[in-house]
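Shared between the two complexes below is chain A, which has chain B as its partner in the first and chain C in the second.
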Partner chain A sequence: MEKKIGLYICKGCGIADAVDVDKLVKNVKKMPVCKTHDVLCSAEGLQMIKGDMTSEGVNTMVIAACSPRVKFAEFDFPGSLVERANIREFVAWTLEAKSAQAQSAAEDYINMGIVKAQKADVPQPNVLADLNSTILVIGGGIAGMNAALAGANAGQKVVLVEKDAQLGGFVNKLYKKIPTASVFQEPLIVDTEIEKTVKDVEGNGNIKVYKSTTVAKTDGQPGLYDVTLSNGEQLKIGAIVMATGWKPYDATKLGHLGYGLSKNVVTNIELEEIAKKNNGKIVRPSDGKEATKVAFVQCAGQRDPNHLPYCSGMCCASSLKQAKYVRANKDAVAMVFYKDIRTPGRTELYYKEAQNDPGVMLSKADVTGVSDAGNGNLYVEMENTLFGTKTGEKVKVEADLVVLATGMVPTTRGPQEYLDGLTKAAGGGDDSKKAYLEQTPKPDYILNLGYRQGPEIPSLEGAAGFADSNFICFQYETRRTGIYAAGSVHQPMNMAEAIEDGQGAAFKAIQAMDHVARGVAVHPRAWDMTYPDPLLIKCTACKRCTEECPFGAIDEDEKGIPKYNINRCRRCGTCMGACPERIVSFKDYSVDIVGSMLKAIDVPDDEDETRVVCLVCENDSYPALDTAAINRKQLHPGVRFVSMRCLGGMNLVWVADALSKGIDGMLLLGCKYGENYQCHFVKGSELANTRFSKVSETLNRLQLESERVGLMQIAINEYDKLPEMINDFVEKVKEFGPNPFKSM
Partner chain B sequence: MSDATVIKPDLQFVSEIIKGGGESLKKCYQCATCSVVCNVTPEGNPFPRKEMVLAQWGQKDKLITSPDVWLCHQCSDCTAYCPRGAKPGEVLNAIRKQSIKEVAMIPLFAKIATDPKLIWLLFAIPMALFYIVLTVLGNTNIDVVRAKSSHMAYHNFMPVPAIDVIFILTAAFAATSAFVGIKRLWAGMQANAGTAQGSGSPFGHILPAVTTILAHKKFADCNVSRLRQWGHLLLFYAFAGLAIVTTWAIVYLYGHEFLGIKAFGPFNFGEAPYPMTDPMKMLALASSVAFAIGFTIILLNRLGNAGKAGMGSYFDWIFLLIVIGVGATGMLSWGLRLADVTMGYWVYYFHLVFVWSLFAYAPYSKFAHLFYRTTAMVFAKYTGRDKK
Partner chain C sequence: MAENKVLVVGGGFSGLTAAVEAAETGAEVILVEKNPYLGGRVTQLNKYFWKMCPPNCGLEIQYKRIKNNGKVTIYTLAQVEKISGSEGNFEVTIKTTPRFVNDKCTACNKCAEVCPVERSNDFDFGMSKTKAAYLAHSQAFPAQYVIDGKVCKGSSCGACVKACPYGAIDLGMKAETITVKVGAVVTATGWNPYDATKMDNLGFGRVQNVVTNMMMERLAAPNGPTQGKIVRPSDGKEVKNIAFVQCAGSRDENHLPFCSYICCLASLKQATYVREQYGDSKVKVFYIDIRTPGLYENRFYAKLQQDANVSFLKGKVAKIEQGENGDVKVTAEDIHGGGKVTESFDMVVLATGMEPTAKSLSGAGIKATWDGFVDQAALPKGVYAAGTVKAPVDVARTAQDATAAVMKSIQSLRRN
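Moving on, here comes the complex of A and B:
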């Protein structure tokens, strides 16, 4: 397609007050069509552009107006390439009006936009052939069954695979459940009625159920999975919901709380078994006598760095439920010792109701131990209780049964730990790897992925074995596109939450299949038709892209040549940043495009005029800049912002591109990383930082100080700190003096 | 861990508190807003947060002889600010009721005074007592009584010596009961105080405690029921005035009868009734007015604050009923006597019933706060508990 570029400059929203628009038209690169308008996003302004499309044949537009994050629908011209130059937020709202600096900034942004429009191509969707839209649900517990039902009721074919001989999962072990109604009143314990859900699933024509079956192999990508079951059957699958649930924490590690000391110290799960076996009567394992003084120790091995660092969310309400089991005998007391009662959402109302029972007694306490009190009874020893009148007073309470509220361990944790251990062992050489494989029991795999990056969902710092990728912004997403976590592999949760979670994951699975059928990214750039298109002839099989891809989208053939599975890809461009040969490009995003944009920045000869390029992550930092602009925070006039999909796409050659042209410094603004990371692509800013550690080589070659480049982490809400952070960096760069390449 | 305190939950005691006006007890989730808003509590280890958890676990021994339970003046600031509607003020009141029952010399009497099911017995005892006396005296026919003298006089109906014998005995019973109760409470408070025992003589602390009470200083710290300070103050001095009047009447009567003192100036030594110009009569009238106003304030305060402070329990209302019974029958019988309505004799009969109830049940009803709160305040001063 022959490109015909139209440049349209908006005068509205204060742009014409801040810069001389006529002068802009004169000074920027000359385009075949160049027009201004008072309010470009108005019907009249848009009509003007559309008119040019028909009469002049304009098919590529550079819109010099507001941030690309707003007015997306207005400036969307299907089939055309649209590039937005943000002169409203980055110039009119943040620089001194009518100043020479504002004028030159606007010129730079427009020129960069023009260069990008010249270099980019109109994206075309890449829809792979023979897509399938069956959902595979792994795990027939409450989350999995509700996922299956939600998918089936939405009209999708669903395959449900359960490893046990019957559906129901963990709920089968429970004596009673907390009512799922929104108002709680006696009785506070009701039948689980899981058999109703099982019946619904088994009677649903859209759901095919495999019991006593597991997944032996998963190959392919969203829309094109080839799944082999343990019974040898092969299935074509579109997306996967992983709802394999949890296991109770190993109570034998809780000796300090008396587990193993006496038979009368049991876990909350064992109490369910006792209640179920004796039809509600709570009897002591040691002598079969009815327990009438039952102590519940909350957070047993939870919120404890030595055991589970997190809160399982469901145990407080569960213990209150079990307290009601105890209270079926009106003379019995249930004593609950907690760190804090954590009953989120509607379970807070359950807590209130349960607490109203005079025989359900609660106190905050740090339980320090459990000791023998004779006759099978036990003392629960504690401090920091609410009873004490003296600081540090130790207290003990006699109980005839002690229940430890142990937490949830996701079934994904075992495989993750095993595989991490394997990676570590493999780093120590073949012998060490062999020894590891021989000595370490292999846990049950869930997915058995045929992915280059490993057979299971990879572990994530701070996720404690849960299958998550970014729980702040993206529920259900794992680090494997098209595979959604539901229920307690996703987060610790209770039954009511698991029902919703299963449904939500099923809808995400449907969404994923819809997106791949339309040839757009699944997530989070859900509109994006571009995709990485490597020029494989020049590939050196260095494997950097296959290793660094945060989502395991890239496999390798036996020669190490990468195979890009587009439907797994999230379009972050990490592969583009990783590639030393710079062969990975998107239609509108490549090493050359960004490099050329940087070169389009005018560097004045005046040595007092500092120029700093700021590469900005589009997910957090760019919105933060926009917010700073909306709040009319003044930004440094020497800085030019360039949007990045993710700092993971940062290619070191850009440093040379910019600094060899006389740019004084380069700043990367990315998301927070490490624990509580906020990167949409998991490790983008962290990767950029790692790559930056090697930047001194480049800069030394140019005989420049490595401090001229820097990386800052910023959260989306820290817009108020941004101007000062940027100013500080520019001042630091200034101290090194002007870039000697300036006048060359 | 041999040094650890053993906590034994007592479901029975929890139920008693809940039944006795503390039905909101279990709502408490220990946020301690109550202890923060309370202006009456000492700053160190403040109440009523800790009393709430101890009550939830039925820690009877720690509660029934706790000075803090009695230091509470039931301002109800805690109840008004409680985010969960646990009404600590009401719960502490219910605990005080248990405390009265537990330290009582005759527990049965405490039961009669506080159990709504036994309200009939509470009044049946004095009604029977006075009716028997009237029968013995042959005064059950009021028309016959009326005919005894030219104007209505209640001593024709119930002679003063009979009243004196009954009430001196009743007062002695009440005093003994109070003494025993105070002793038990004191011993319990000492046992619970651990290392925070006082030194020297506790008697030196009585005067400062009484001064505080006379000035109603503690009530001034209340917010929600601020008006109650004045209501209680008026009622308190009305009772004091009426007590003086009663003593005064005895002095008039026996001073004349046994010591031969004659009436002089405005002082009408001799037999009742006395003219309105007598200072004793004036004090009686002033006390009655104070009583009426004070009681009205208390009642309005209670009803007006019910939303914030709670409606109270039988324990409160039976006490208020006796108090209003004393005042109403007292004033009514006075009015009826002046109006020469014979029915006044029976009103006077009920006046005696109410006054007797007030006296006899004093250490067993809410009136016991007079003794036990004073005791707790002395104890708090003695042990340094009241220091801010």
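Moving on, here comes the complex of A and C:
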């Protein structure tokens, strides 16, 4: 398509008060069509543009007006390329009106917009051939079965793979359950009815069930997975729900709480098995006698940095339910020793009911040990109780059965720990890696991905082995596109929550398949039709893109040449930033486009005029800048903001592009990184910072101070601090004196 | 043939999640929100617990997804009046109240500059004022001003009409009734803070410097009434000695019978705000149980327990009274130590709970349970509930729940 660019400059919202618009028209790059309008977003303004599209054949627009975050629908011309130059927020609202600096900033923003419009192209969706839309659900427990049913009832084909000989997972072990219906009312203890769900799954024509089966290999990408099962069968799969659940924490590590001391110290899961086997009667393992004094020790190996640092969330309500098993015998008593009773939400009603039962004794206590009391009975030893004793005084309570409320360990934890150990060992050289492989028992993998970055969902710092997303707002964002975790492998949760989570994950799987079928990315750039298109003939097989891709989208062939799996890609541009050969480009986002924009900034000869380029993350920092503008905070007039999809796309060549032209400094504004990172693409700002640490080489070559470049972490609500932070940086750059490349 | 449309009632965190996810999977979405802006309760929060990240970060992504997607029709200042029909073919009546500002608005602020009338700012729970013509907050979406019809002097003034260069103000705008056809409905009307004046012994509204946890969020927020400086309302004094009163209304048959899920974590988060702002500050939390269930939440609690300036006292607060010079006197039982304790603080935060909003949907034929949530068993086929109108949960669980509700809606569209 022959490009015809129209430049449209708005005069409204104070723009014409801040800059001389006629002078702008005269000074910026000449375009075939260039018009101004009092209110460009008005019906008349938009009609002017549409008129030019029809009569002049304008098909590419540079809109010099407000921020691209507003008036989106107005300036959306489907099929055309639209570039927004933000001269309202970045100039009219934040720089001194009618100053030479405001004028020059507006010129720079328009020229950058023009350069981008000249270099960019309208994206075309890249839809891969032979896409499949079958959902694979791994794990046939409560979350997995509900995921399968949800997908099937939306008309999708589903394959459900369960490693055990029957479906049902942990619920099979339960005697009764806490109601999963929404209304909390009597009875507060009901049959699990797991057989009903199993029957629904097995009788559903859209679901194919494999039992006693695991996944041996997963190759490919969303829409095009080739999955090999342990029975050798090969399946074409579109997206995956991972619902492999949890294991109880290893109770043999709880010797201090009496586990192993006596048969009459059991876990909460073992108690369910006892109740189930004896049709509700609670008998003790040592002699089969009915237990009439049962002690529950809450948080057994939980909320404990030596065991599980987290709270599994479901054990308090489970113990209260089990107390009701005990209380089916009216002569029996149940004693619950807790740190805090955690019955959040409406499960509080369990607690209230237990409090009203004189046969249930509840006390806050720090249980310090369990010891033999003879005749198979046990003493539960504790301090800091509510028995009217002084703080610190020890108390001993006799029980004929002790139940340890152990927590949930996700099935992903074993593989993650093994793989993290392997990475660490490999860092110590070949011998260390070999020793690790020989000495460490290999865990059961779940996905067995044939990905360059490893066979499983990567571990997340602080998530203790769970396949969590790290995002409060976006619960299903695993770092493997098209693979969604659900249930207790995702986070510790109860049955009611696991049902919802399974349904939610199935939905995300359907959505991912829908997007690849339309050739658009998935969250967060869920509209984006562009994709990385590397010029591989120039690739040097340095592997940086394959290693740094946050989503493991890029594999390698035998020669180390990257293979881009577009359907795994989230379009952040980290590969573009990583590539030293600058060969990775998107239709509207490339090293050349951004570099050319930087070169379009006018660098005045006047040595007192500092110019600093600021590359800004569009997700958080850019809105923060806009917000500073809405509050009419003044920004430094020597700074030019350039929007990035993510700072992970920052290519070091831009430092040379800018500084060799006489720009005095470069500042990156990105998201908070570290354990609780806020980057929507995992590590963007952190990667950019790492790259910057290597920038001194480039700067030394130019004989410039490395402190001329810097990175600041900004949250979206820190707009109040932003102007000062930027000013401080510019002042620091000024101290080095003007860039000697100015006027060269 | 079913309408390939989903109606989402409520544009807060749940409703927004449901709307965006449904739209990105090919459904047309109609999103009805009673406020003049989207984002709901979480827009008023300074940060989310445990991660201490700002809610607008996630909301910004949702707004961007809506803008780029183009399939979500938004009605702000709107409520659903009636739902009739059946799964696949519902007819829904929506009633809007006038904004008096049309979509020609560019958010230039000229109307607010000239507006002569001030109003109490409900976004800040009355702790600040705006003009009658105002933008709800500086990251509001849609970025469109609104005129408060209750205080605006109307055409007798008309200053804003004259000042607006864009013809964006229409003081004659009338309430409208709109009828739409949809295939499925997600109700996500969320929660309101429980009315703290109902707890007579806790002194709210009577004793100076007793605030609710939602007010505390505004006091800590950079876009709040004090630009994020935590000072007490009566005299602007820096808050160096603060108490949090847990279960203010929650877990109480006379008020809210359930546990509101979020208040323990909210207080721990707010304790962090104070500790970060004032190095020499002291925090005391009066609690029954500290409930921080989950993967990260307990470590968040454990970390705060390490802070020598933060103390926890197990015991219910019996009464709150005015002390000297604006201070607040708290009397509580001390379960461990026995007896009662009385202590004085600069400011007291009541950890008030969630009042569910299911009753607001009764006109539309949605039944509420005895404790005020949507009665899911009584929902018509094709109508679903998501988030805190269904049960008290935190934001993360809401995200899961809302996604599950979209799954069910898509099933409704596809099976009819």
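Keep this in mind: the second predicted complex is superposed on the first by the 656 of 744 C-alpha atoms of A that agree within 3 Å, B and C clash if a C-alpha of one lies under 4 Å from a C-alpha of the other, contacts with A are read in each partner's own complex, and residues count from 1 in each chain.
Criterion: a residue touches a chain if its C-beta (ideal position, glycine included) is under 8 Å from a C-beta of that chain, and two chains touch if they have at least 3 such contacts.
Here the structure is a predicted model, which is why all the values come from computation and not from measurement.
Shared-chain residue A:630: touches chain C; no touch with chain B. Residue contacts after overlaying the shared chain place A:497 against chain C, while chain B stays out of touching range. After overlaying the two complexes on the shared chain, residue contacts for A:381 are found with chain B alone; chain C is out of touch.
When the shared chain is aligned, no partner comes close enough to touch A:306: not chain B, not chain C. Between chain B and chain C, more residues of chain A are touched by C. Contact with chain B, but none with chain C, is seen for A:355 once the two complexes are overlaid on the shared chain. Looking at the shared chain after the overlay, A:371 reaches chain B, while chain C stays out of its contact range.
Of the two partner chains placed by superposition, A:703 touches none, neither chain B nor chain C. In the superposition on chain A, contact of A:341 is made with both chain B and chain C. Of the two partner chains placed around the shared chain by superposition, neither chain B nor chain C is touched by A:54. In the superposition on chain A, chain A positions 341, 352, 364, 386, 388 are in contact with chain B in one complex as well as with chain C in the other.
By the touch criterion stated above, chain C contacts chain A in their complex at residues 13, 17, 21, 24-26, 46-48, 51-62, 64-65, 67-70, 104, 106-108, 135, 138-139, 143, 165-166, 221-223, 227-228, 251, 257-261, 289-299, 302, 314, 335-338, 369-371, 373-377, 385, 390-393, 395-397, 399-404, 406-408, 410-411, 414-415. Contacts from chain A toward chain C in the complex involve residues 12-14, 38-39, 41-42, 66, 69-73, 76, 150, 153-155, 181-185, 303, 305, 309-313, 338, 340-349, 352, 364, 384, 386, 388, 391, 462-464, 466, 468, 471-476, 491-492, 497, 499-501, 503-508, 510-511, 514-515, 523-524, 526-527, 619-620, 623, 627, 630-631, 672, 676, 678, 680, 715-720. Of all the residues in chain B, the ones that touch chain A in their complex are 1, 3-9, 11, 14-15, 18, 26-27, 29-30, 45, 49-50, 53-54, 56-57, 59, 84, 194. Residues 293, 331, 333, 335, 341, 352, 355-364, 368-369, 371, 379, 381, 385-390, 393-398 of chain A are the ones that touch chain B when the two sit in their complex.
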